[in-house]
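Next up: the structures, one after another.
Each of the two complexes below includes subunit A, the first together with subunit B, the second together with subunit C.
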Partner chain A sequence: MSYYFAIIGTQDNPLFEYEFGTSKQGGDGMARFTEQARQLNQFIIHSSLDIVEEVQWTNGQMYLKLVDRFFTSYISCFLTASNIKFLLLHQPPSSSSSSALPHPSSSASTSTPSLVSSSQSSTSVIPSLSTLTGGSNSSTSTLTGGTSRTSTSIAANPTSPQTEEAIRNFFAEVYENYVKAIMSPFYRTNMEIRSPVFRARVAAAGRKYL
Partner chain B sequence: MSNHLPAGAGNGGGGGRAGDSGLRYPSNGKTIYHRPLNRTKTAELSKAAFAYLFAEMVSYAQRRVTGIQELEKRLNLQGHPIGLKLLDLLLFREPPRTQLRPLNIIALLHFIKINVWTHLFGRQADRLEKSSNPDTPDEFMIIDNEPLVNAYISVPKEMSQLNCAAFAAGIIEGVCDGAGFPARVTAHTVGDTGGGGSNNGSGGGTGADGGRGEGGEMWPGRTVFLVKFQPEVLEREALIGAKS
Partner chain C sequence: MSSASKASRLGEEIWKTRIEKVNAELVVLTYGTIVAQICKDFENDYAEVNKQLDRMGYNIGLRLIEDYLAKSNTMRRCSNFRETAEMIAKVGFKIFLNVTPTITNWTGDNKQFSLVFDENPLADFVELPDDGRAQDQLWFSNILCGVLRGALEMVQMQVETHFISDVLRGHDTTEMRVTLVRYIDDELPPEDD
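Entry: the complex of A and B
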């Protein structure tokens, strides 16, 4: 799962952007966009601004949930009162082989608690859990275990309520830090946010929730 | 904006760059991000300190101005950014269930009358009125009997048209603009002269007769904040009203 987060000002100008990957299920927090996709992401985000403008007057909530979709890229939006858009593009892993690669490396120690937690929802995980802890030579079964595991995670289900809630929490935390940023007397609307502390805070929120 | 994005904007990590960009942290290590946004109920500012600062702001704005209109405009401009920021701050402080962006004029004016006024002046505005003139449906009035900003301002006789509450008008204008309701807000004294602000020259002065001079003796400093929305705001308002 890869994420591209952008803050767009009132003149449709970018104020901040940040790329990251999931940190859940043993993810390393790195975005897995290809070079081409990285450039495309900015276009996708900007094209979804039209839809945001349509939705924003029908609903007074700040969190507008999922607003747009472009092939496998889903765009969630959060709109502050002063018309600043927080847009999060999230892309579920395109093919299972490339996405499951980071899992076996950290399978032995770190991912066991997450397996236990997800086994409550799907019983099919339990046999693969035993093979996973059994040995490293059963790499094919760990891969299938990985994919069935992500079916309940936020990564594979961009439209599920859990994902929606996780993104809501992420946006809420970014919003708090954004309001703090604009409280600076030297900040004017539509100025780029360059604070490294702000960037670190966004990264922390991404690690915490997504 | 994109032409001055930092080079590593995409994947740059944390505060590692802080050192070479020459950014300096406060000695206690606490930046603006470490401070809470909510304030305690008792945390109020000294009125004397505000009065002193505001008097300086007025005299600063008065330098090299050619007329009262320009002076009011400068005061308005000083207040504008405050309004823009207040909008986000006050909505953030609302409990999550009522954290709603104002979608129509009434909701916005209520937000100003209650939340903004309570935050700034410790009480609500006294009245909210819509222009009774059918030719100007875009004009609304927020009425304050005794604006706090004017408490220690004595306007000389030859500048009787001046109302330093133009600063507060600027704050209101900032809130309106920020929320997506572009408007022009002007402050008019209606207490003693009864519509004395009508020659403001903004074209919206006619609405100031809403005060009707009533209670002029009781509230000599009564100020009407005339909010004149841009035509596109009313157009959108009609569209949204028709849909819902």
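Entry: the complex of A and C
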């Protein structure tokens, strides 16, 4: 699972961005975006702002949950009271890991039963199956829903309640630290957040929850 | 030693009974805004900002000593500079800021000491601007130097005060150095014979 987190100001201007990977289930916390995807992420986030603006008036919540999806990239949003947007793009390891591995799909296609059994132990196989079946998301969720890993595996299930809850906790902690960061008298509204302390705290929140 | 514990008890009691409290964040944000505004006004000439803060503090100190004496009710001269230091740290800072800095690093002649602040209520939330100069030049809490200087001057002590380290700059402690220059003698007006 790779994450791209961005804070967007009131003028749709970026204030802060941070890329990281999952630390759960033995993840090393490194993002696995391809070079192309890294550049694309900013555009995906930016395009989802329109949907955020639509959704933000429909309920009184600050956490808007999943707002947008672009192929395998899912975008969750959190709004602060002053209309600053926290956007988290999360991507299951499918596209990046399958391209990194030599030929996972070819071996999978030949022996389906062995794939099902191996999916019990390795989550990285599941998304590669979804690319195999034409990348349709519904098949992924039903497949992983059938396995016993669903309760702990945030990575494989971008739409599950567990993921939603983990991201909510992540946002809550970032929000708390964000408030502290902007309380600094030398910070002005819509200024880029350059505080290394804040960056470290976002990283810590990412490690803790995602 | 007994005078030290007496001072801290006194400070504690005054703080509990005779001081009106105000929201700490209000103070923090107000002071922070003042410093930020001064930085802006002087176009980030931090040496000048330090001077302005010190001057503001000095003017506060000139008056604050009156408040201190009224509240602490100690209409008695400190017998020596060491006792003065105790009263500053354990009563003065306690009743106005609810902190008790540690007194250390006395010089042999008892004229110079350091106040080490474990916590600095003025500096909560603050991160110095990362323009490469503020970290080396700005003393964010410099107003405190001025306050001490002004207050002590009104009780016949001329002191020199400055910060030598600040956690905001990445140091381990926040430390203020206080040096007694001289006791100011009461000078009679020239006409009086």
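FYI, the second predicted complex is superposed on the first by the 152 of 210 C-alpha atoms of A that agree within 3 Å, B and C clash if a C-alpha of one lies under 4 Å from a C-alpha of the other, contacts with A are read in each partner's own complex, and residues count from 1 in each chain.
The definition used in the following text is that a residue touches a chain if its C-beta (ideal position, glycine included) is under 8 Å from a C-beta of that chain, and two chains touch if they have at least 3 such contacts.
Note that the structure is predicted; figures quoted are calculated from it, not measured.
Taken together through their common subunit A, the two structures put subunit B and subunit C in a clash.
Residue contacts after overlaying the shared chain place A:L15 against subunit B, while subunit C stays out of touching range. Once chain A of one complex is fitted onto chain A of the other, the partner contacts of A:F71 are absent, as it touches neither subunit B nor subunit C. Of the two partner chains, subunit B is the only one touched by A:T80; subunit C is not.
In the superposed model, A:G60 lies in contact with subunit B only, and not with subunit C. Touched residues of subunit A were counted for both subunit B and subunit C, and B has more of them. In the superposition on chain A, contact of A:Y175 is made with subunit B only, not with subunit C. By the document's definition of touching, both partners, subunit B and subunit C, reach A:S184.
Residue contacts after overlaying the shared chain place A:R194 against subunit B and subunit C alike. For the contact definition in use here, the residues of subunit A common to its subunit B contact set and its subunit C contact set are 180-181, 183-184, 194-195, 197.
Remark: subunit A residues 180-181, 183-187, 194-195, 197 touch subunit C in the complex. Across the complex, subunit A is touched by residues 28-29, 31-33, 35-36, 39, 124-130 of subunit C. Partner subunit A is touched in their complex by these residues of subunit B: 1-2, 4-6, 9-18, 21, 23, 31-33, 35, 37, 81, 84-85, 87-89, 91-92, 99-103, 107, 178-180, 236, 240, 243-244. Only residues 9, 13-15, 17-20, 30-31, 38, 56-58, 60-62, 79-84, 175-184, 188-190, 192, 194-201, 203 of subunit A touch subunit B when the two sit together in their complex.
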